[in-house]
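A, B, C and D are the chain letters, set down in written order, and residue numbers restart from 1 in every chain.
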Amino acid sequence: MEVTMKYFGQLVDVIGSHEEQKSIKVNTTDELLQQLSENYAISHIPFQLAVNDQLIGDEEAVKLNDGDVVALLPPYAGG
Amino acid sequence: MEVTMKYFGQLVDVIGSHEEQKSIKVNTTDELLQQLSENYAISHIPFQLAVNDQLIGDEEAVKLNDGDVVALLPPYAGG
Amino acid sequence: MKKVFIEGPISSEFIGDSIAKHQSKTSIGAHNIFLGQVRADEVDGKHVSAIEYTCYEELANTKLEEIREEAFSKFDLVCMHIYHSLGLIKTGEICFFVFVSAKRRKEVYSATEWIVNQVKDRTPIYGKEIFEDQSHQWKVNS
Amino acid sequence: MKKVFIEGPISSEFIGDSIAKHQSKTSIGAHNIFLGQVRADEVDGKHVSAIEYTCYEELANTKLEEIREEAFSKFDLVCMHIYHSLGLIKTGEICFFVFVSAKRRKEVYSATEWIVNQVKDRTPIYGKEIFEDQSHQWKVNS
């Protein structure tokens, strides 16, 4: 399936993109993150996950569907 | 001697003036206030006294000199 | 001694200009502004239409200078300004403007609150609340 | 939902205009305004020359709406506004504007502080601090 990945803050530098369409073979956010951390050095960056504009709990693994938007959100720095 | 009297707030209404030159025969602020309260109904109005732009303590009686400026200051209401 | 008292209302343009003047100070990270606006309070069925402010300016300036010095020693500020109107200020118009600027945001709120309260408590300013029918009462700070 | 995000800096005229718009509300007695201004911080001998702000706008708007509702239930406010810049904001320019209005002054300071902190803590906004030599680091809120 296809998902839209959105990256913010420091993750933009590490991954080299702020948004991309991704064809994935995995089914859950857990597996997706596992795959990402194999491809990019992101393990030292703390971040939260949002699927379709909803924040996901740290221990939560969410089933993904075709067309989902997955955002990786490091600590906020507004103001 | 001559002193300048300055009245503020509610005292302006009661005394009917905000500033006046006054010839006085008394020598201290105590006596001056005594005299004022005989002439005007000011006893129900709380106020502080300042002589020459210096606040005077409630229990303090200050000797007056010719040319002094005596101000009667009800509770402040700025802001 | 900075000029605090302004004849008439404090305009929104004056406030905007004051903000603009602080944009060249690149050590400032946070501003906090308090504005007092004249309310159309209702008393016994009549509405306040304006407040006429007077003050004992000589003593007020001494007290404001004390407040300024104490504020800088109590709080870590880059700068601060106090403006208060004199004369007739209509409802909806601004009569009091406190402007605090600091490197970081942490202390600006309590600095502003402290300054506003000190000005109210320690500065000989008087407000005559004028009603629609031209009757009046003297403002009392709560 | 009110518009919060503004492309580019928040001008002093915009702030002045916002104040002017509140002068027809004669139930308001006190305004409190917080402004965040970009500081020329020094890091390892280099100075910040600008911050480039980005945000996850869909989630940010949801969070800002929550903050707005909670603010009205926590504090006795007449109105409140939040504005935050996106894009490149140079040092000395204003990137964050919180505007709280109430009948009385008592609660406006803590309402502003609470809103500022909630926006910082709960809204997915990012700032890229750009140095004079065009190198950068990602802003971290303390």
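In this section, a residue touches a chain if its C-beta (ideal position, glycine included) is under 8 Å from a C-beta of that chain, and two chains touch if they have at least 3 such contacts.
As the structure is a prediction and not an experimental result, all values here were calculated from the model.
Most remote from subunit D, judged by the distance between CA-atom centroids, is B. Work out the mean CA point of subunit A and of subunit D, and you get 27 Å between them. Centroids built from CA atoms put subunit C at 49 Å from subunit A. Put simply, the C-alpha centre of subunit C and that of subunit D have 23 angstrom between them.
Among all residues of subunit D, those that touch two or more other chains are 36, 105, 116. The set of subunit B residues touching two or more other chains comprises 79.
Chains touching one another form the pairs A-D, B-C, C-D. Considering their complex, residues 36, 53-56, 58-59, 62, 84, 95-96, 116, 119-127, 138-141 of subunit D touch subunit A. Interface residues of subunit D, counted against subunit C in their complex, comprise 12-13, 15-17, 19-20, 22-40, 91-94, 103, 105, 108-110, 112-113, 116.
Residues of subunit A touching subunit D in their complex: 6, 8-10, 13, 18, 50, 53-55, 71, 73-79.
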